[in-house]
Amino acid sequence: MNELILVIVALPLIAAVIASLVHEKSAKSISIIGSAIACLLSILGITTGGTIDRGFHHVFNAPWLPKLGLMFSFGLDGMSSLLVLLTTFLTVIAVIVIPAPKNAVRAYYLSILVAGALTNVAFASLNILLFYIAFEAALIPVLIAIGMFGGGDRSKAAIQFFVFTVIGSLLLLSAIIGLRIATGTFDYLTLKDLVAAGAVDPSLLRWFAIASFIAFATKAAVVPLHAWLGRAYINTPTGMLLLLSGAMAKLGVYGLIRFTLPLGGDFAESLVPLIVTLGAVSVVYGAFVAAAQTDIKAVIAFSSISHMGYIVIGAVVGDDAARSGSVLQMLNHGITTGALFICCDFISRYRGSRQVTALGGIWSDSPLFSRLLLLFTFSSVALPLTNGFVGEFLILLGAFHKFPYQTAIASAGAIGSAVYMLWMIQRSIYGGSKSDASKVISLGVSERSVLLALALMIIGIGVAPSPLLAIASDNGHKVGAAMQPEVK
Amino acid sequence: MSIPLNYYIVLSMILFSLGIAGVTTRRNPILIFMSIELMLNAVNLSLIAFGRYLGDAGGQMLTIFVMAVAAAEVSVGLGILIAIFRTKDNVDVDVLNGLKG
Amino acid sequence: MNFGDIHAAGAPILMAVGGCVVLLTDLASKRSDTRKFGTFLAILFCIASMLCSYTLGGQLRTAFSNGIAVEGLVVTMQILLAAIAAVTIVASSEILQSFHLPKGEYRALILLASAGAMVLVQSLDLVNAFVGIEIMSVAFYVLAGYRRAQAASEEAGAKYFLMGAFVSAILLFGIALIYGSVGLAMKANGLELPQGYSFTNIVTISKAIHQVPGFGTSPLFLLGAVMLIGSLMFKAGVAPFHMVAPDVYQGAPAPIAGFLATTSKVAAFTILMRFFTILAGADTGAAINVVVIGLALLSIIVGNTGAANQKSIKRLFGYSSVAHGGYIVLGLLASLGTESQAAAITAVTFYIVAYAITTIGSFAVVAWLGKDGEDADAISAYRGLGKRNLGAAITLGIFLLSLSGIPLTVGFLTKLGVFMALLSAGGTWVAVVALIGSAIGLYAYLRVISEMFFVDSTQQETSSTDGASKLVAVSAATLVIVMGVFPSQALLPSFEASVTAPPVSGDEVK
Amino acid sequence: MTLQALLSGQGLMFLFFAVAAIASGLLVVILQNPLRAALSLVINLFSVAGLYLSLNAYFLATVQVIVYAGAIMVLFLFVIMLLNMGQANLNTSYRGVRTIIAFSSAIGFGGLMSAVALKGQPDVMLPADAMVTGSSAGSVEGIGKVLYNPNLPWLFAFEWTSFLLLVAVIGAVVLAGKRQQPSEDKA
């Protein structure tokens, strides 16, 4: 049972290897099978089972390079099991819904499956060095996917994305090595205990807090470190974008909850107001930049900065409800943004354009599609009864009494963004068709079922969030408990 | 009354510096090479002086090796320089600028 | 002198004898096409040399009146050097053919250069080190200018020669000053020079450093040590003497460029490790530390920025070799601390091995993609390579990722090792500057990857026929991945507990 | 003491050769004509050989004259003649500047180097037993006994030097040999 996470990681990898060896036609089905089984298995990961160690279940340990302190140590808690599930789920969807580029089918599926698997390794890892390796290695398939299959500006986008994120993670590496030298271990749980016991030099922890914050904030595109996001998201092929925005960006927030706060010592605590402020700035900034776009993919991309700003606020604010909301919102954002990017992909595929000015008439041409798109937009702007509402509400609730100003600014920005986004989506689907080559967006069975499933999830989580919230609350809360009295 | 060792060392360092000055200011490869020979001579002088004042034969041994190395370098170095002069008629080191990024 | 002595010095002797045999065979054979046989013979001697090193085992033994000392690290490096020579001979077999260059002399020079490098690696006396480094360098000058028909190669040879001879003179002056200062210090303090040792022996120097108070900070010695260290670092291609490295690598034929870049680094850094071992824990003031840190950071910054906007891929690798030289020097810096020393030596050794594999492989790709004997040097020639020749593109991509230190390639582990050693020696800000440098380098390598995979090109399929280079490149790429994922199985154990110089104690020297 | 040392017979010898060495060395660095520079280098080598004599290194002084000044410099002169550089490049535009640079940097750098290096270094005079050990050490016999002694470290390096010369010979042959590429023969 402890090997569960290994299986979840290995299945897509095996499928990827097989898919890259067989004929192009069967590559897709093999990829689907591999990732789908992994997805089903990761549901099992949520349930508590296997060896349990300090709040983590399914704990697995095997040596990789013991001399370097590098171990295959895995373990899941509520937060990481949900994120693993999200990653595998998005992988399946990406493979099913988005057609591969014609000339390099196998390379495309390979990059997506490998990216998903490495992201999962990072989410489930209890060894910091292993986390780092997966964190950074996962960039390679993304780099390849952007560079080979991306949009017009792909070369520049790929290099920019890679250099930005690697610089952040190099800092993280130096801090990790510093921790290892001071404590002699890369093991997360041991480190956490040592830090909580005050056995580590505070100046080192300060460096760790700064370095890891820069690395994770770059990944989560918190505002001064977001510069890579726009060009990268717009040029990333949709399949990979689902993983990049849906799962990998969450690694940033996950890292803040999992590593920066518990291992950063007191200094990390003192960073919280700064992070919250930056989060609020991100919310407003994302909303403003999104409002300046006419490309709907760009709108969704920049609104993502806004949403991630919220999630970051919830993650660090030090309140149980907010943190659970933040974890839930990571899930929601993965689902909703994924759904929106998929719709965006359909639109550009069938209509030949993503510009708002060139669209219109979708409502009458493709009724089901446009109604679903509207639902996804509702979820994105967090209308009640959608999943987005639950997450954002919890975050606001938790954050407000600690950081009222920042929270107020953030909510104001969010409302502005919501209005604009609704207006823009409406403009693009209502009205008469403006493009000459307007084609009806005809959904196939698989596409239709995926979109419907996403819609069901959005409403399901929106109406009955409590089971997921219960799992989501099994997260950094325990981490924080070591350092501060619980706020209940 | 004998000469103090330091006199020899200072003389050797001055000769060595003359060689460095030649290497850095000369443009003709052959003249640069001659300046390098000057430096090797300075080394030999200091080695022999050290050896003499230490009562140790090692200085002279090292000098023999330096001379052998100088001979080897001269044969190869002049070969390379002749080869390049046969391709290019100019004799300035500035001409060695075909390799650029 | 006895059999044990000959055995200890056997690896370079076999290489040198191999050089002579290859040369004579080539002269004796009338037919011009002795390609296969000559290659076979040369590789045979390389393998014999490797076996000779291997049978020495890991324990420390000195030979030839303490002129040389062999232990685990030296054995590893000798095997590596022989392997580099063998691989270079294999990789260049086709290039020689297409250039109509003399083959026997070529192989002999490679074998002799490796012999010189091995003498340098195993030497305990600076005299032997000097003779070894000169054998290596003189062979290098000729090899760099080997393609005489091509102006670039001649120019590379000439530049390399002038710079090399200049630095040799500095190295010699350093040795002379060390000789004099050690002698004077021992004499002034009534220490006897033990029978069989010379004043230039590393053990004697170590004795002077550790037993004569204030010797480590005496200006005469420090000047000599700085000259010695600086000039050895030049031989390894480290800034500020880096300016010829890119020129030479661009001008020399690709397999030779790989050979020069790796052999010089292996040899020079190994002897530096030996020299640094005796400095560790000694009071040498700040001078040596400052010089070493300065050279390392300068190389990392100059190398990485220089690589950033190159049009020639061989120049890019040249600058990259400067930068990687800088990282290795950082590891050496850590070996100056007594506590971090063991880790640092392991890290540096691993770095050198990994760098050698990566670099040989990268240059082999350049030769592989070459047409009609011309290396594929312009980076623009790699545009769209992913579509034309996927195998070559992936192979080169692996090397580039490894050079930039991305996880799952060996380049990551090497960098990890060096930074771990460095940080445990307390060099935090040095590490941070180095990290910034490697971020700049990342851009340089990514540019090539981007050209290969992300940019469409109208260029036609290149019909490359250089099977030997292809073989070398692909196997090197496989090694880079295997060592990046399972280094413990591949290499790490052999570096455990390596000593670089005999320990200094009264009994040892008497 | 210093002046006294220089005014003795040995001191005058040192002074003479030292001045000659520096002057000829300076000429090597500043003369425009390669031929004259090479001849200055010969003078420099002779002066240094004289200094070797003052240090009792008789054998090396001889080698210096025969091998260095005799053979190596002849090679240099030969190459200069071969390339017809005898009176080439009579451009003397920045000769004065070069003289100043060379002289000042040599004196400045050399002086600085020696000042730094010899700081706190006591004046070392010849040891009392130097006449005994020194008298034979510089002779052919003395050198041979040390160089070829298997119990001393020099023999190993000496043997490897033969390979160094082999490499040099191969190199010279390769570099001077006929170009094998037919198309390049005209060049």
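Should a chain be cited, it is by its letter among A, B, C and D, assigned in written order, with residues numbered from 1 in that chain.
We take it that a residue touches a chain if its C-beta (ideal position, glycine included) is under 8 Å from a C-beta of that chain, and two chains touch if they have at least 3 such contacts.
Since this is a predicted model, take the numbers as computed values, not measurements.
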item	value
Computed distance of Cα centres, chain D from chain A, in Å	71
Mean-CA-position distance for chain C and chain A (Å)	44
Gap in Å, rounded to a whole number, between the CA centres of chain D and chain C	30
Distance between the centres, which are taken as Cα means, of chain B and chain A, whole angstrom	64
Overlap residues in chain C, where contacts from two or more other chains coincide	127, 130-131, 134, 138, 141-142, 145, 148, 177, 184, 198
Chain D residues counted as touching two or more neighbouring chains	113, 117-118, 121, 124, 154, 157, 161, 164, 167-168, 171, 174-175, 187
Residues of chain A whose C-beta touches two or more other chains	none
Chain contact graph, described as a line, ring, star, complete graph or other shape	other
Chain-chain contacts as defined at top	A-C, B-C, B-D, C-D
Sites on chain C touched by chain B in the complex	127, 130-131, 134, 138, 141-142, 145, 148, 151-152, 154-159, 161-162, 165-166, 168-170, 172-173, 175-177, 179-180, 183-184, 187, 193, 198-200, 246-247, 250-251, 306, 309-312, 315
Contacting residues of chain D [partner chain B, same complex]	1-2, 4-6, 8, 10-11, 14, 18, 21-22, 25-26, 28-29, 34, 37-38, 41, 44-45, 48, 51-52, 54-57, 59-60, 63-64, 67-68, 71-72, 75-76, 79-80, 82-83, 85, 88-89, 98, 101-102, 105-111, 113-114, 117-118, 121, 123-127, 129-130, 133-134, 137-138, 142-143, 146-147, 154, 157-158, 161, 164-165, 167-169, 171-172, 174-176, 187
Chain A to chain C touching residues, read off their complex	65-68, 132-134, 136-137, 139-140, 143-144, 147-148, 150, 154-155, 158-159, 162-163, 166-167, 170-171, 173-174, 177-178, 180-181, 207
Chain C contact footprint on chain B (complex, rising order)	9, 16, 19, 23, 29, 32-33, 36, 39-40, 42-43, 46-47, 49-50, 53-54, 56, 58-59, 61-62, 65-66, 69, 72-73, 76-77, 79-81, 83-84, 87-88, 93, 96, 98-99, 101
Of chain B, residues touching chain D in the complex	1-11, 13-22, 24-26, 28, 30-31, 33-35, 37-38, 41, 44-45, 48-49, 51-53, 55, 57-58, 60-61, 63-65, 67-76, 78-83, 85-87, 91
